[in-house]
Amino acid sequence: MTRSFTVLNVDEGIYEAECSIDAQSVGVARGDAEWSVRMQRLHGGLSEGVDVLSLDNGCTRLAVLPTRGMGIWKATVAGTPLEWKSPVERPVHPAFVDQGRRGGIGWLDGFNELICRCGLGWHGAPGTDAIHDADGNVVSEQFLSLHGRIANLAAHEVRVEISEDGAISVIGIVDEASMFGGKLRLTSTLTTHIGSTTFEISDTVQNLGAASAEVEMLYHCNIGKPFLGEGASFHIAAEEVAPRDARAVEDLDTWTTYRKPTSGYTEQCYFTKPVADADGRCLAVLRNPAASKAVGIRFDASTLPWLTLWKNTQPESDGYVTGMEPGSSFPNLKTFERQHGRVVSLESQQSVTFDLSVTVTTDKNDTARLTDEVTELQARHDLKLHTAPHADWSQ
Amino acid sequence: MTRSFTVLNVDEGIYEAECSIDAQSVGVARGDAEWSVRMQRLHGGLSEGVDVLSLDNGCTRLAVLPTRGMGIWKATVAGTPLEWKSPVERPVHPAFVDQGRRGGIGWLDGFNELICRCGLGWHGAPGTDAIHDADGNVVSEQFLSLHGRIANLAAHEVRVEISEDGAISVIGIVDEASMFGGKLRLTSTLTTHIGSTTFEISDTVQNLGAASAEVEMLYHCNIGKPFLGEGASFHIAAEEVAPRDARAVEDLDTWTTYRKPTSGYTEQCYFTKPVADADGRCLAVLRNPAASKAVGIRFDASTLPWLTLWKNTQPESDGYVTGMEPGSSFPNLKTFERQHGRVVSLESQQSVTFDLSVTVTTDKNDTARLTDEVTELQARHDLKLHTAPHADWSQ
Amino acid sequence: MTRSFTVLNVDEGIYEAECSIDAQSVGVARGDAEWSVRMQRLHGGLSEGVDVLSLDNGCTRLAVLPTRGMGIWKATVAGTPLEWKSPVERPVHPAFVDQGRRGGIGWLDGFNELICRCGLGWHGAPGTDAIHDADGNVVSEQFLSLHGRIANLAAHEVRVEISEDGAISVIGIVDEASMFGGKLRLTSTLTTHIGSTTFEISDTVQNLGAASAEVEMLYHCNIGKPFLGEGASFHIAAEEVAPRDARAVEDLDTWTTYRKPTSGYTEQCYFTKPVADADGRCLAVLRNPAASKAVGIRFDASTLPWLTLWKNTQPESDGYVTGMEPGSSFPNLKTFERQHGRVVSLESQQSVTFDLSVTVTTDKNDTARLTDEVTELQARHDLKLHTAPHADWSQ
């Protein structure tokens, strides 16, 4: 039996500003684990009005942001923080984000999450998306700001579900709609089990418009210290890897390892086509310098066939961080992604589901097991490492 | 004697978040009619912080949005919903509307009202408004986004008035002002009588700036099912009617009837110069396919001399709707409307009042009486139906 | 001993929506002075969600806006209002300000404060700021909207401090940050003493980014009636004064006196390089027509070496006001100010402090003393009054 609690529902007038759901109140326990789900509204600064839903499974604590498209602000797993330090210190209410600012990169004014969705209609670099007909004529043009709308849209419905087997889920529904602009609905399910060091995201994006609609989704999973550090390493089994641009070419030989926080460092991105295991899942791992801790992201290759690695080992105050970014496409302007067949098209009522999970290891054995899994998978596949940007992947 | 209740007044620090005014509390009754006025704040999604004032006269229920320029979200008349279904499902707080988005049509991100005002300084298509001097030189330029600011400005004062004769009024005051940008004040009065199937809007726009100011106002009155449907008809007595563009020309012979929800349908607009009755009032009617229900809009020809018919029989999920839009001008770029003498100019302190009323019939007799009124009025006037766009009306 | 009260702190979850601190509750008194500090949230209109912190020292009342970058909305000193009447009547929540509107002057939609900070990264006219390398090539470009971001950013921490010597301080911290956009932190301290007619602002701006960062700050101090009026006068000791443009040249001979509210008046600005006294402080004074009242602004020449006088004797309904604007630079596009060496550059972690104070006189003797101080200072320095715009000061 699953117990369900509605935390927020605009249509039904439900808003449990200070809700608290826990083992005592629900009667679902796993040993002594002190699990709970709480909601709190932030006040002041650019965080005014941001709801934070805190899910604690007794081992893993997750701070979810219904106000920012169900993004995950930060986490703590077995006492280890899973986060990074953006110059933007606190969750930013979308009212303070003007996505059109700075030539369309205003999204960065609110960017500080551990997991931030980029999508739904598009993600990637800002620019004017021109749609051409078969003869090459421009049919329509639209300026697309960086990384799309979803991180700055708020969920109109949030539910918490507790199952008797100890699964705790947070379901959030966010609409990305406009008159004469289509209607995509994200139904996001975040699940973790009592006492677990893993959490899963299963996102369904449905086209509720009458016409077919395009979807792009990218999970901007951003991690800093203590996982990132000088000598930390990135692990992925891939068929192909290519530097995004000349800047990425510069350090191609060390593309899987990280520098310490480095003054004057300019970001580097590597585009990858990961290899999936027998279950169709890919695995990307960030391992700390001592090989004693790691973060692994597993993702479903059928809908997230690409992963972008974002290396941003800038000084800590500017955001010392790396992003492992499974995506339905690369974060280029949508026009380019469309030309290369990486934009999802959904018929009316059709949907696509994106699955990924995040797991954390906090000792050497578990960490080795995780990176060995990558190594073994790669051993069965050739890796083609391009020494220059891939013409089909980079603009 | 009229009883007055202040629901919201920023200057006086009054905000009755959960007010409830009714027959019992006020002591004004008409038989058994259970009338009431209530306010409620929405929480969650893009509706966070939107106040909804619900006025129920015992027969007609109106949901008014002080947060969105006193627009009327939706209504129910004698049990029949007066509404449409926009892809944008709920009232959107202006903080989530970036009017500059998509080349200046971001207004559509929040568009779902039954009656949405477009104005005050301008309405219509986005574009750069150039003001020329007598020699044709450009004096100033300003980018005007779609349909103006008023629907995304919030009322700073809302009062409810109950008169002994059973009139219930909601008065809302909204300023559209900017330093070096003028100051127009909308004082909006929505009135209905206990038990009535009619409601009236009387809007006064005053120029509180020192210099003369331009005003454009358009009432975007949008109706879907059950009034709209295949075979529904539009009725208006007009001197002249013209298709807006080539797309409208295509179906000129059926311009007064409607299709069922139609895949691939592109909107069609018809510009009309309505005929006024002896009292100076015009009447536009939407009749359902069975001729058993209708919505009539009466409007004062002296300040609302034009009506735009918006046909948008798209599939239901994209917004199956028609708009009857009485306006001080047509919804073209203001530059064009100014050139053709349709922009109102107010001297300092001068004001203009826009009056309209909406009535609903729910049986065949009442419906026939309403459409007969149009027919009889037209019988006394020639109708000139242009077969091509009118050079003075369409850009 | 100093007593400290946290009114708002996002990180600690503190938000004292209805706080009230006064002589009784704190036990710090100066005779009978009824001092107090209160916070209140505004509801409705464009003011929805704006916090107003009211500081009353028993003689001077200040309304501070944590939601608008710690600006000072208005004041009353010894019963005399220190304010102006903008067409925008009430404090505007930043959610209702689209700074990109009207070609980048959307800032004016929220402009009505007595003291509004312009900064931190830039202020002045909107435009595209191009940064050039030594060879004149454009290194980067960014569109800068009018007067910067700070007035539309909210404080994430607000404290009140009461010292035993009767000083009441309000400390507010506001971050102006973005990923890939630097991080400037304003720590603003507003201090006044029980019973005083003076208040002081001490603002520290620190560069929390890793790279060096540019800072521009301007205090837009705006005053209307009863200080401003026909025959009111402006007093400053200056080394140089220049009209900003041809419009300012027109009335150069009367640049220090004011007209009555004048229909058709277009703003005039005068750029000045003030003379500092032995303590490094400059003094600017606005004296009322009867010479019985004055407002004096003292400012630290070391970090605020320039003062812009903004004369805007428009009709009252358009904003009859003058601005005395001490700044780290002139309010030109940052590109121009950089070329002329007036933009502050801070190394990482470095900070700059801006000090100014406002004093009000309300009788003839005190008023004469204040203007005499200016006269005596000028007597010791030559004034160069340019009859045309200064090539280094005006674009």
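In order of appearance the chains are A, B and C, and numbering begins at 1 in each one.
Just so we're on the same page, a residue touches a chain if its C-beta (ideal position, glycine included) is under 8 Å from a C-beta of that chain, and two chains touch if they have at least 3 such contacts.
What you see is a predicted model, and the numbers here were worked out from it, not measured in a lab.
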One copy, chain A, sits on the other, chain B, after a C-alpha rotation whose size in degrees, in steps of 5, is 120
Do the two copies chain B and chain C share over half of their interface residue numbers, or under half; same or different? different
I'd like to verify one number: the distance from the centre of chain B to the centre of chain C, where each centre is the average of its C-alpha atoms, in whole angstrom. 42
Would you give the residues of chain B that are in contact with at least 2 other chains, written as numbers and ranges? 49, 93, 95, 98, 100
In their shared complex, chain C is touched by residues of chain A numbered 40, 42-49, 86-90, 93, 95-96, 98, 100-103, 105, 108-109, 111-112, 263-264, 314-319
Please output the residues of chain B touching chain C within their complex, sorted ascending. 8-11, 13, 15, 17, 49, 66-67, 93-95, 98-100, 141-143, 153-158, 174-175, 177-183, 208-211, 348
